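First chain A sits with chain B, and in the next complex the same chain sits with chain C.
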Partner chain A sequence: MSATIKYYCSCLSNTVVPPAPHLPSSSHSFHTLPELYFCEECDAVRCNECVSIEVSGYYCPNCLFEVPSASVRAEKNRCARNCFFCPQCFNTLAVVPSDPPDGTSFHQANSMGEPPFLLYCNNCRWDSAEAGITFEKSTGLAQQLQKHEDSAPDSLEFERLKDFFEPLLRASSSNTQHAPGTSSHSTHTNPITAAASSALARDIPGVSKYHPPPPRSRQKSKHGSKDDMPTYRSRVEIGGINGYGAGGEKDADLFSRLEHPSQVSTLAQKWTGSWSVSPLSRDLKPIRIPLHSRLTKRCPSCRHILIKPEQKAQSVRFKIKLVAANYLPAIEVHLPQPTASTRRVPGARTTQDADQSNSSRSSLLPGKSYPFRLGLKNPLYDPIQVRLVVQRQPLPAVPSAGEASTEKSRRPPFAISLPSTAFSIAPYAEAWEYEDEDDLDGLDDDDGLSPVKAAKGRSKTVGVLEKKANTTIVGGEIVIAKDGRGDAKFNMLVSYTYRSDEPPVDEMIGSKRATDLVKTNPETKTFTFYTVVDLGTIIPKEDARTASPDAY
Partner chain B sequence: MPPIRDKFIIHSKAVVCQDVDLKGDITIGPGTVVHPKAIIYAIGGPIVIGSNNIIEEGATIVNRRKEVMRIGDENLFEIGSRVESPSVGDQNTVSTKARVHHTVRIGSHCSIGPKCFINTSEDIKLDDFTVLYGPNWEERLWSGRGQKQAEDLSTKHVEYLKEWLPKFNRLRRGEMP
Partner chain C sequence: MSNPSTPRHRAVVVPSTPATSNRLAASTVQASPHYSTTRRHSLYGTEDRIILDPGSRVWKAGFSGEGRPRDVFFVSGSEQSTLWTQSRAAGGPEGEEKERTLKILLQKRLRNVFHQCLLTDPKSRKVIIVEHPLLPIYIKEMMAEILFENLQIPSLSFASSHLLALFAVGRMTGLVLDCGYLQSTALPIFSSRPLFPQLRTTPLAGSRFTSHLRALLLLFGTYVAPATSGAANVPSTSRSMRVPEEVLSDGVMEQIKTQCCFVGSAIESDEDESGEGDRAETPTAGDDSMEMDVPPSEFSESQLGSDIVDTPSSPPSSHLSGPSSFSVVTGTQSQGPRSSRHGASTREGHLQAIAEMYSKHSTATELRLRVDPPASQPQQAGATPIKGTLIIPGWIRERAAEVLFEGGDVDESSVAEVILDSLLKVPVDLRKLLASSILVVGGTPMLPGFIPRLHSELVRLLTHKVPPRKESPQGSPRRPPPFDPYAPLRQLAPFIAILNNPSPPPPSPEIQTSNAGKAPAFTPACLPWVGGSLAGAMKIGGVEVAREKWDEAALDEEEDNLNESTHGIDAGTAKRPKFSLPDWTRSSLPIGAPPAPRPPRPEAAAPQTAVGA
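For the complex of A and B:
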């Protein structure tokens, strides 16, 4: 589907009105409905950027073992059992016994298989013997590898680094205790950030050196503590275990003797290693699978839990799950593309060209009008009344006196018409309750008679088009100005009224209409939210002409 | 092009389901299992399939050439794969939705990964123990370790199918239509 709709979360701004959709920064405020949460206490939409996150447990994604958080650090965030990634293709590896000696069938041999055991990739048929790794037992492979890993130069170096920074860290923590607040905020006195920045400035083979901006002299004179830190010298020179990978003579020699591209390890294969990895793919080692975590998410303002997974790693259920999809009507946008037979206007080839460059988005031509459809689905067990309002493109509050004149000369690139009256959406029900479809239709007609009539009076495209079960499809129309360009994106205010058990509180943005409703019917409650509808890109006229010269 | 004359020789110990699409001169060896909805077309020349092969649903084997297309023993053609190579050795695996063009001969012990596509303009032969895998059809050589286990697994697979397929499918016999 080319046209998209996203929902607004007001966490990034102080106002409830979303930023204009054509601003690049606005994309961070809009999310798809499945990504959003809903806090019942605050009666507000929450997104992944504003919720506070706590880790409720760690587990291995392969063996689903729940790792106690105490041992996560010791195991370096990786599975300490038998779970490994293939270094060649990142498939998970299987433990297999080695082949029995010739002559004996596999059945006759020991059921557990013969040592030495190997790690074997079923996808690319890599096995750990190629990297010189075999195991005596088929269980606890990570422990068996631990000895090798601990003596490897990179882990020794890491230990040394930790030892090196530990006194500095301790000093800083005691410093901050003496003078809390002041020194900890400075970037230069904090050894952790200093260490991080020096790590960033380190030479990485194959990556051009990062030059940090020169520190301001004022700051330097103020806190000279960066100089207090002795320079760290690594125990071994950068370079793989066998000296390759440092970009020196040895590497050049190696590459001059290459015969096949598959002998070289790819960037993706080397990327996971923190130490410089050998450029030869045969030297790559199996990778212990990184642990995953399950998260608990809380509302930022009232601290109520929005998402709480079950403790077991095997379980896919949630103890608490307050997702916006259960509260807000799900909206789908559909922009019927003119088919080749019906509209052979300049579009035919232009659309194709635009599709190639801008693959999934639909393209619109200036000076045309396009009907589009919005399908709204009610997730509540009560019927709701929905009103759609298009937010004015230049925000009414923003334009100052100076801008007003330019605003006049520059007309908005497109105009949107939507049904202006409220329409109803039938309640959600389980599938088996929809048997008597006719009754439901009759009921709906009584409810939504006026919008249907109004729509017929005006045009066939704008208005309520279809009602089925808990879905109502309304039609809208976009008219694109002759000199329109840019994206056909607009903010849409959706307000819906539902019957509420709680006493009505109009703390919401509440348009005038909404407050009226609350007054007339104390049982109902209105919730308002913003969405952004993206119908596609307007192809500027010049482009359309050059793209399809034969059409004119 | 002359009309294709159908001639099927199916070994009495082969398991070929009724609902397979066969065309042309086809010989199927003992122990070979052909699942329903498999497609075998001998358009150009005849197709000779050896013993203990498994041809799964939707797998397509086509011979476009005049010469005989020979398929060895203990090969596995997975669901939706398409093989047109003029010769296939022994103990190969052609994974799901993989495609092998008619210019490529397959050796033995090769593994062609899911959705891999081999298409060359001139004739080539995949060496023994070649493995193709991944979205970019990377190529490497299998060390051959675990070969016995692979053989064992393939034998068990054939045995299982020979026992269970006939219970749920009508079988085709090698009669002349």
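For the complex of A and C:
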């Protein structure tokens, strides 16, 4: 993949015109064609960032069981069957019977195995007996575990907190002195009255105050009631935890004697837990596999459905599928690169280079011109007229390399030439329906383009190069300035004209002759969209001389 | 089989359903027309809110009424470790670009929360955002815009993270220290009202800890390169080297922090020296601290002179920036490859002093961690990557967090000092109450031993011996009395209690009932989220902004812009939205204060009335 093309979705900005391609944020506005949707009502491209998404079904990615939505909530988006992740390595766990008591594996009484069943990880060989979990039956493990989860200290404590706060809130929201007998003397839970009463109860220096004998404890209780809250008694106090996990001195001691880091569980293994649990990795519990969802996607503005999957979790079909690939011509960019490809050493080094970000992209040298090809494929059953326009770029105020902006960098780093007249692409059809005359059409159009070629003084670099079936290949050229740098990326406006629903035959001939666009023809419609073409990176002059020999 | 499941149903359903079912039925009547078109019934009641705790680094998301978040994830991409930083990018094209990127990333994460983590339809979900008091308003506004316009949530409310954390331990009054990644913030809260003017903050937090740890590892850690097949018999001693920077990637640092690091108890050979230890750790022992803190620094030079021999030899200019001379350098530059070069000599000298002292006071074992070798090292193509070994000295594991407890700097107070600073600001009659109910939340206090250490640090700051007065008349009569910033708080020392202290100090005879360790055993990191869940379940999630209101405001703004553009007023100045999100910085001034000279904003005042339930 030397050169790429991406399609613009205007959802992230207020304007139809895409942001300048050299801005890093612009990359989020461009998407590959298969990622895009198309709303017929709005006649607009939609992307995954702007469509509104609804869940149309839940399923477990492991057992592909379609989970009824009623139980999704109770199970907290997790599979309620036998699907578990290994807490150590997040591999899927298998249910295995325990070893038969006599120790030899041949004497298995029945095919199901012996009753204490374990969860076993085939990857890291963790088994649930390490965490003290065994099962009586080999099915419905989640339900067998459920009772542990229900008595989880965090949910019990949470309920207790709720029970504690609810009467207080009720009292304060009714805004009256609450019912007698709820608590001893903390009657004003309304913060305003509380503030007022505490202000009245404040000690005034110099004024002796009535104090019953043990002043300290009296003061204490007065302070306790200052915010007018009964004290909450925790179910499990953090100071009372005996085992590890609370993060106290005991844990610090454990850590100081640690033999190996893997004894302690990692952040990812424990951080969804809100309760203080043992930091030791051997105490980790198996994780129920989170469910996945099948999504229905709607157009954000007209709410029409763009994607509707079939209900069944096993099915990969869609009931409704309005993807942009069925509406917009698919464009491929190809940059033949004789210089860079010879420089590149084939083999292991290249794969290593591919890990680094930019090296997979082709590199262009300043002061040279490169031809490139755009292959456009028509998905429609009608022929289309396509016109390509390069968006003029605002000059980068701050050069992307962060150098001081001299007048050199004020010049555009490269120039693009593309065929300026419209060209046609034959309709999509089944393979056997194409005939040779399509090629003839292509030649006709080439004649129309020949002035461009003549002006360039070059043969077959810019213009329509090839027509085949529903694909037309046009050539373009990039001329890189002597001091060009940065990425050779440009925005390209593609507008294509197609016939709206009722095409009479004579119109068809007319449009074939006409190089003109829509306005003359009321029966046609034009759709325009922006793309960004990324041809590669320009290697700055000085770098090209010094850096490239050791880079390659 | 059915037996164990029955109590579960009772436990789960009973608290929520009776309250929500009526509302659900009521809301379906006037719900959007879209609702009738979808066949599927919503899983959750409309009153089940989504609680989102968006940190700069870690986000927690889940449903209200549950005891733990459904999902917790690192929010940052690979390119930066935090989603936003404390400084907003300055204007201009670069700043705009940065903000655009941030907004795009926020949108991706928020969409991800709904569609990947929670698997729910945002259009029927009310959202509560657990809001750090110092969360920049522009980020708040961005989030609100995305949630309302892109995800079309019905309502949004913001709730103070400190207050929610207090809820989660069953209290409404307390002093909450949130030690997060970018900063540690102490906020006193009385009767569920955050005393925002008394908020105090310090940049000593997770990020500083990480950079300090990284600096220590670069100097004192050892990296053993993997044995290549060609040189299998090379002994490991000859393969060991200084730790290459690339090895200490963010992921590895995170692993070291969670799996290796802990906080040892204060270095206490005797009380005075422990005070000195802290002084000597910082180069504050230099000239600039003289005026502020004379006697301790003299002490430290005389007593621990052997320990800090290297420090005075370094150029005095390095002392200008005080203790931050190393930590700022590491803090800002350790991401980049330049950190080891800039100011290396000063820093290394200082770190050497640290190493010498700390290694004396540590008994922690040395750990070996398997890490990915740096990419620059020759590796055979096609072979499975062999892991190198990082040897972490025990004292680094134990003492790296000392950086958080090093005080003495005016701008960067230690986590203990920031609590006391806040206490100093608090009205006198609340001090004892707040000092005895300190709550520590955030990700950094998850370090084992952090909270007990913080407690002892607090007590030490309040009880360390004031240097004897007799010196001053003897030496120079015009010398002022030693500066003791926390003198007014000294009496509170026995009352200091951290609610979620896992190892509370033994009860003293003076105080019968101490709050220390009385909090439920939720982890510090999750406390704000749990509180949010609790608030959501009880429907007290703070000021709610409904989508209608947002849409109206957006319409108004559009109209205004139209009007103004027709009148020829510059659109840039007219851009200010009339509607603003509720935020404590925008709350109306208390009665009696002089009227603010800013123009009144009628819309802004309306949602301020019901703060904090």
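Here, the second predicted complex is superposed on the first by the 313 of 552 C-alpha atoms of A that agree within 3 Å, B and C clash if a C-alpha of one lies under 4 Å from a C-alpha of the other, contacts with A are read in each partner's own complex, and residues count from 1 in each chain.
Following the convention adopted for this analysis, a contact is a pair of C-beta atoms (placed from the backbone, for glycine too) under 8 Å apart; a residue touches a chain by one contact, two chains touch by 3 or more.
Note that the structure is predicted; figures quoted are calculated from it, not measured.
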*After superposition on the shared chain, which partner residues are touched by A:58: those of chain B (first), chain C (second), both, or neither?*
second
Determine, under the contact definition given at the top, whether A:98 touches first (chain B), second (chain C), both, or neither. first
So, A:74: does it touch chain B (first), chain C (second), both, or neither? second
- [ ] Quick one: classify A:421 as touching chain B (first), chain C (second), both or neither.
- [x] neither
Subject >> First (chain B), second (chain C), both or neither touched by A:125 >> reply: first
(request) Figure out whether A:89 sits in contact with chain B (first) or chain C (second), or with both, or with neither. (result) first
| What is the contact status of A:303 with respect to chain B (first) and chain C (second): first, second, both, or neither? | second
Subject >> First (chain B), second (chain C), both or neither touched by A:272 >> reply: second
Chosen between chain B and chain C, the partner touching more chain A residues is C
#### Entry: First (chain B), second (chain C), both or neither touched by A:524
neither
Check: chain A residues flagged as touching chain B and also chain C 262
Note: in the complex, chain C contacts chain A through residues 1, 4-5, 7-9, 11-12, 15, 34, 38, 40-41, 43-44, 58, 65-72, 93-94, 97, 100-101, 104, 107-108, 111, 114-115, 118-123, 150-152, 167-173, 190-193, 254-256, 258-265, 362-365, 367-369, 375, 379, 381-382, 394, 397-398, 429-430, 432-433, 436, 445-452, 500-504, 510-513, 516-526, 529-530, 533-534, 537-538, 540, 613
The answer for chain B against chain A in the complex is residues 111, 113, 131, 133-134, 138-140, 142-143, 145-149, 152
As the complex stands, chain A meets chain C at residues 12, 19, 23-25, 28, 49-50, 52-56, 58, 69-70, 72-74, 76-77, 140, 143-144, 146-147, 150, 152-155, 157-159, 161-162, 164-166, 169, 191, 194-195, 202-203, 216-217, 220, 223, 226-229, 231-241, 246-252, 254-262, 264-267, 271-276, 279, 291-293, 295, 300, 303, 347-349, 351-352, 355, 397-398
Note: in the complex, chain A contacts chain B through residues 88-89, 96-100, 105-107, 118, 120, 123-127, 129-130, 262
